[in-house]
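Below, chain A partners chain B and then partners chain C, in two separate complexes.
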Partner chain A sequence: MIEPFPFIGLLLFSLAAGIVVTMISEETHSRRVGIIFSGFAMLIAFYMLYLGVTSGSINVSESYPYYIPTFGIQFLFQLTPVSFLLAFMATIVAFVTILAGNIDREEERIATSLILLFEFAAIGLFASSNLFLFFIFWDIGVIALFFMIYLLGSANRRRAAMKFIIYEIFASLLLLFGIILIYFYTPVHSFNINYIATNAYSIPGNMQTLIFLLFFVAFLTNMPVFPMHLWLPEAHTEASTQGSMLLSGILTKFGGYGMVLLFTMLPIGQAYSVYVAALATVSAFYISFMLMVQNDIKRIIAYTTIVEMSIILFGICAVNTVGTAGAAYAMLAHGFAIALLFLTAGSIKHIFAERDIRLLRGIVSNATSTAYVLLTGVLATTGIPLTAAFIGDILIFIGAVQAFSIYGAIPLVTIIMFGAYLYYVLNKSVFSAKEETSPVDYIGMPQKVGYAILLFFIFLFGLLPFVVLNFFNV
Partner chain B sequence: MPDTTSLLSYVVPLCATLLIIVGMAGMLHKNRRLQFVSTTALLAVIGMVSLYMFLNGLSAIIMDSLAVYQFSMFFVLLFSTALILVNLLSYGHSNDYLSFSMLMGFVAAGMFTVAMAYSLIAILLGIELMSLPTAFMILINGKHHVEAAMKLFVLAAISIAMIAFAIALIFPYSPSLLLTSNLVNSGMKGGYLIVLSMLLFVSGLSFDASLFPFNLWIPDVYQGAPGNITALLAGVNKKVAFVALFEVLFVVMLPYSPQFSVLFEILAVVTMFFGNMAALVQENVKRLFAYSAISQAGYIAIGFAAASQYGSEASIYQIAAHTFMIIGAFAVVLWLEEKNIKDLKDYNGLATSNGFAAFTLTIFMLSMIGIPPLMGFIGKFLLFTSAISAGEIILVVIAIVNSFISVYYYGKVIFAMYAKRPREQMSMDWTVATVAIICMLFVLLLGAYPQPFINAASIAAGSLSVL
Partner chain C sequence: MTAILIIAPLVLAALAIMLVGEEHFKTVKYIAFGASIVTLLFAILLYQTPPGIETYSWFSIAGLSFNITTSTETLNMLLMMLVSVMTPLIFLYSMGYLETPSEQRRFYFEMCLFAASMLLFSISAGFISLFIAWEMLGVTSYLLIGFWYKREHAATAARKAITTILIGDIAMLVAIVLIGVHYHSFDFATLMSQYQNTSFLYLPLLLILIAAFTKSAQFPFHEWLSDAMEGPTPVSAFLHSSTMVKAGVFLIMVLFPLYSQTGLLPVILIVGIISAAIGASNALASRHIKKILAYSTIEDLALMFIGIGLGALYATILLFFVQSFYKALLFMGSGAIMKANEDEEDIFKTYNSSKNRKLYVALLFGVLSIAGVFPFSGFFGKALLGSAASSNLPVYIMLVIIELAGGIYIFRWLFIPLRNMNEKEETVYINYNSIPPTMIAPMYILAILILLASFSYIYFPTFLLPIVKNVQQITWPEVLFVNGTAIVGLLVANYVYRQGHRFYMASKHKNLFNALNNSAIINRAYVAIAAAFMYTARAISRFDSGVDKFTYSFSEAFIESGHSIKGLVNGQVNTYLLAFIAGFIILVIAFAL
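== the complex of A and B ==
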């Protein structure tokens, strides 16, 4: 139990203030301003983790006098274990993104303020206990990332940003429709997630199915999982390093968190969990095969996101405590690991001015720290013991085996599949000593600090899982 | 002895008359600044008085033709605010501000008449008073606007004829032409003539409200007219037609709500699709906004299809939201047009030459798409919820599909503006900047904290139903 102090309000307020201050600061100072504000947010989140760990549970709820009775909307925030882990991860990834992501120091003011806006949206979304607020923060986040891709990406960013916004707005409109339907079919019209979760059984079955499908497709698009994944590889290839870190690190978790909510909220979710599991399995296998023909290092990492999110969906649709805890843990781990991978990919692009693995050779001899961090990042993604992803994966598959018996272990194969390709890439491009690509530039201290922070959290949550898992009563 | 209520209630008609007189006086003294200050002051007086009467819930009937009640005061307030903005725009950008101001006096009088109408004749006169001077406004502002003016003039004449015929058709059923008089079925079976009259009313008002089969003039006229008058047409004239529809359908023809509900379902669907589909292929930005305004009219019609007090509340909110969005957008577009930036390809890299213009246009367009927490989102949300509470799920699905389509063409403009192109700086003049800032503040604040304004809309809708 955390003491009654308005942590979430403080977080949101300080980030909102940060956006304003960044926008009016000078171009050369804006990054520092962003580091201060997002660092402050990170410290608050860390303090909350400390309080949660010492007291053994996370249960925060705050309400504010902003109130729209017409929709029954209050500014009511709460943090469950799942949402707390994700919000915690979001503050750290956003901090590292501002600190280290913009290696070429381009358009720092606009980039920093967009990142702060996105962080604001992410924390608001994870903390909101009201579907209407959830939707509002969702759209703010999507718009912030749209501008992030469009303004700061590479050559074909226009097309990628268009694709991204079309998919995401499609998802958000389905979500809106679902939210309105759920509002009308709860006994007392309400958007409150807790209220809906306790009263959803009274919604008629057909309507529950419709609402479930609307939410499901919306979150599926955002996660993304096959067949709605088409926006992601392109968005990643064209986005800047910062954009990619936020996209894979935090935005995909919007959908993941939504799925957790959906399966806890609607009882009909149980009935469809087998089909969802089948879809997640298909997605994981299909994307693993897709991944094996990619040559662009950012594209490869982007595809691993889809595989990971498919596995997380697999854990969520097991609909039991272990599976859900595993999914939350895997999302936390994936956020750190994928941010680390995109950061190293950005560094490699910066150092060698090249992203194609067929042309990159001997990274280790010219960019040693980046090469070893990349190795660690790949290990962390594939769930090697002592890293956080290991705990997440093992919990997911325990949950899945409980729910689907032995078939629950099938997607485990995909981790080996994409892991094998990543090790092949490492072997070929990073640790081959026969020929060397010559560097054109070097990375600075901020990038190394960024690596260190992300690695610290990957190993922290890998080595000390039980502290956090206490929240879930696993 | 007359009490303050009845004295105050005469202020709005009096000021509207004064507006016409001041407008004509302007032709004599030929002082632009004096003219601007006096018309703005009169509009401000009207706005403040109507706000006072709205907040205190005063009601009065003036000579059996105009009524002061919360619905009318809400719209008098909205129209006077919008007219102040358009007046400011025209002061900075009209070739012939004095004649614009004179004609605006008539237009304003017509708008207030429709908003306060208590009889069908007042609606007819108000619409007439409003639409004919608009045609002359377009005509006097430059030489290339003759075609647009001609189109508007002919169509306004047709629409007035239709409304007059509609009034004639329900006259046999009605003891008087007051809005509140109950329609009695005098022997003719089923009241088919009343339904016919309703169709004629809707068709006649659809010209101005830009609902589907009667909106083909909109893009030509919006494109041909100078930007300040386009803002007037899209921001205010259109809304006046919706107000007249409220008064006719929700008061006079309330017993026939199942019929007009079906009618507006169809109108909403075809109008949304027409506007959005046509907007997809536009290259001229003004034309694009014209088509987007048509699709927005389709959204407003959803509230009519819901045919409930909740529906009219939602429509009222969306009408107000669209007023601010479109006036702000056309203000920026007007300024760009004067710099000869008209087509989508000219908009490339606008953000580098004037960041403020690109930012405000982006806010207005995001609001039109319905992105939270902007005003357009709250309006759409209210409309969708009202339609679902009336059981019209399919209509909501279609509206959502349309919102999705609209992302593409608004996105095109946003994309063009933020493309990285080196361009020289352009500075914005104060009239456009002021109008854009005021509209943006409305869109942001009433979107972020909508409750007071939703309450106002629901009070207005409630007072309409008990008139």
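== the complex of A and C ==
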């Protein structure tokens, strides 16, 4: 089905144009150019949401004449409810990242063009209905973020960036191998996801297992989930605020989206779902414990990402409508919440020139708006109702209990563990008045607008979940 | 009639308060007060409409609908009326209590949000709306306990509260998920109509019980409530005595038929007795003017749980109803005494509370009511509970002891601030005239309500009968027992604290005092649990960094092997030739074999 208007093509084209314009614009104008182009992308995403809500379903499918007939590779894009939610979130997070993330206003041109490149990759990845395109966009995204860390991070950024790229390239290697195998073992050789999903049963069992494992480890590394999590805390510690916002906000969703695809594509996934669930549970507990000994505010937030992604994986491997919808919703919610948390962490670093919770005191006195936004972000992460994370969490665990009976509720306990530590951090650094840390700078209007946008979406999707959840009921 | 609209005025007021500028701090309290009056009028209107259940679909997925269900049945109306009546009184009291301009907006915003959540909780008839309200209660309670975060312990107390409550929240969420999957519905009505499968319900109900215990500050989750007294006094009078902490009791009362079916009542009874003993003993030993009342609240709530545990729903509901008025009054009184004594919290450093006659008379109403003196309403609650326990001798004995302690500590609380100040230790500037009339007036309204609530003994049975099935009667032994404990309490407190035997008693019975003051033990247990978690976390962290180093050593090994192979590529042609010949010979031999 071809929609009357090629939205995805327009999105990708405008972002590509944005990259070029940003690159050739002057350093002082580049951020504004980036805001215009990513804002345009955001408006398109809004319009698509509007169309989706009025028509009651998201069903976008676009094909372009360019293709490689020998390998059956065609430019085919489609949006499922899951991928639409993620693409929608990506446009907003990228917009806020460009608008507010660069608090110190350093290297704006290179940062902005890399963010646009990453946004391009993210939307392409979520929209591609073809594993070949999926792989290409995956690597563009990884490389864009590699340069974000390598060029724009803090002191030890090179080592962190190398670690990041080694893990990610390892993942994409496995992914490539898996894609090639799947191509050769489908009856009519094809990269098309829909075709694979309907014909995957004809792949022999052993081969399905191998393909599943290759994909699984690749996505596990990207999400990341224990035991492949080691790159994430270090990458976050060294990345700039913008890099962190994109890394946790969008890049980890590549893996999450891949997992959704994997479990819908390969029927053998059902057989392994119990083991995956066990791994996700172990990961959630392990990382919650890890989180409790962190002192760097960015590291703490980074570990909450891993816990959340473990819980999301738990929802995905339930392999039912509720669990998958919950996982998609939780990814959407997590994107907003984690971008908000990293933005506040960046603001705190900017205001107090300090990120260690042992040295930060009384943030609320000198940075009131940031402190309350941080509080709201923490509440949103622990899944308080009326924030989007609650809908995601409850759906994930309903799906999980449907699939694994009562054991499906076990990972909820981790929310107590990391929630308690986050409240401890709030108590220690934010709402304490003894020996207040003195501010060295202040944040401007863009950061406050950024807070407002992210908070708006956190509460919008928390209050009105039916808007997008109806897509899953079709 | 759309019952859910009852939260609208307060939510709108909260939004308005958030949006008005900092310079309008004076109007904020009138916005809040006006909204609370509108809410009260709406509640009265709602009271006159026939009860019913309304369902609004929030969202649905895969055939599972998440509904906001509201009910205006008897119990819901009872709590709703209670909250609607208390809200304007508390706001009136706050007008006089809270003077700092910069705090006005934040305070009334959070209070309005809290009151709205409490109203939503009171009319909830399904787990989804209940959980939303439940969590909002926790969040607003956290914000309000930590309201004066500049004080030394306020932020820590707030964290303790929300961490304890978080355990309950997650327990509740697990229960909701299990029930939702099993019954395909979150409504209480569905649950009640098909609860034959009690073996399944055992775990969800136990989890809900844990949630109720955290919220209602029962053993072993009770310690947060006494720390919560770091919050402003209107918060203590509103959240931590008369409304929020009773959410747990209320929930169990609503689900009572299920609990009596699954045989969980003994658990409730035992926890109730332990908590009541802990609350009463700490109230006897504490020196903090508000913490005495906080421990007394723990005891009150525990008495309600004992009532539920005994299956005496009628006595529990009555106690639930009347407790709000006297406890809120006592908290308001403690705020007034503190205000007159330069915000002194140590009860032994407050003096001359009888100087302000109006305040003292109002306090007497509260004290006599909580002690259970006829005809104040507290008497009816306690006497009914006693008659419910009369068939169970061990519980009855425990009740007598607890009531006796209750009588002593409340008169202790009354008598200590009554002392005249010793000329030698005159360090504080006492000014009972500084108490504004807006702080006294709500206390008198509550005093009237305390007396009016006595009629609930006559009036309640007519409309509670469908819920409680059987209504106990107060018998003569109970009258003697309740009034007797009050009189004994009065006499003992009079002997110890008025006749000056305090120091003698304290020095002679040091062990007894330490046993009574047992909150430190519980706190140490909390710290030990946290330390155990941290110990595990550190061990795991060491393991993790070990793995990280191990993977790093892999990359080093690769680089090292690269370095060692590098030596072979030395550019010398004869070395290459030698290697070539050696390789050729090996190949030939390999093929020959």
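As a convention for this text, the second predicted complex is superposed on the first by the 470 of 474 C-alpha atoms of A that agree within 3 Å, B and C clash if a C-alpha of one lies under 4 Å from a C-alpha of the other, contacts with A are read in each partner's own complex, and residues count from 1 in each chain.
We take it that a residue touches a chain if its C-beta (ideal position, glycine included) is under 8 Å from a C-beta of that chain, and two chains touch if they have at least 3 such contacts.
Predicted model only: the values in this text are computed from it and were never measured.
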First, second, both or neither for A:I136, with chain B first and chain C second: first
Which of chain B and chain C A:V282 touches, first, second, both or neither: neither
Contact breadth on chain A, by residue count: chain C or chain B: C
Partner chain(s) touched by A:I384 [first = chain B, second = chain C, both, neither]: second
Contacts of A:L460 with chain B and chain C, given as first, second, both or neither: neither
First, second, both or neither for A:N320, with chain B first and chain C second: second
Shared chain A surface residues [contacts with chain B and with chain C]: 166
Chain A - residues contacting chain B, complex: 66-71, 135-136, 139-140, 143, 147, 150-151, 158, 161-162, 165-166, 169-170, 173-174, 176-177, 180-181, 183-184
Touch list for chain C against partner chain A, complex: 57-62, 64, 131-132, 135-136, 139, 146, 149-152, 154-156, 158-159, 162-163, 166-167, 170, 173-174, 176-178, 180-181, 203, 530, 533-534, 536-538, 540-541, 544, 547-548, 551, 555
Residue ranges of chain A in contact with chain C within the complex: 166, 227, 230, 286, 289-293, 320-322, 325, 364-365, 379, 382, 384-386, 390-391, 393-395, 397-398, 401-402, 406, 408-409, 412-413, 415-417, 419-420, 423-424, 426-427, 431-434, 465-466, 469-470, 472-473
Contacting residues of chain B [partner chain A, same complex]: 366, 369, 371-373, 377, 381-382, 384-385, 388-389, 393, 396-397, 400, 403-404, 407-408, 411, 415, 418-419, 449-451, 454-455, 458
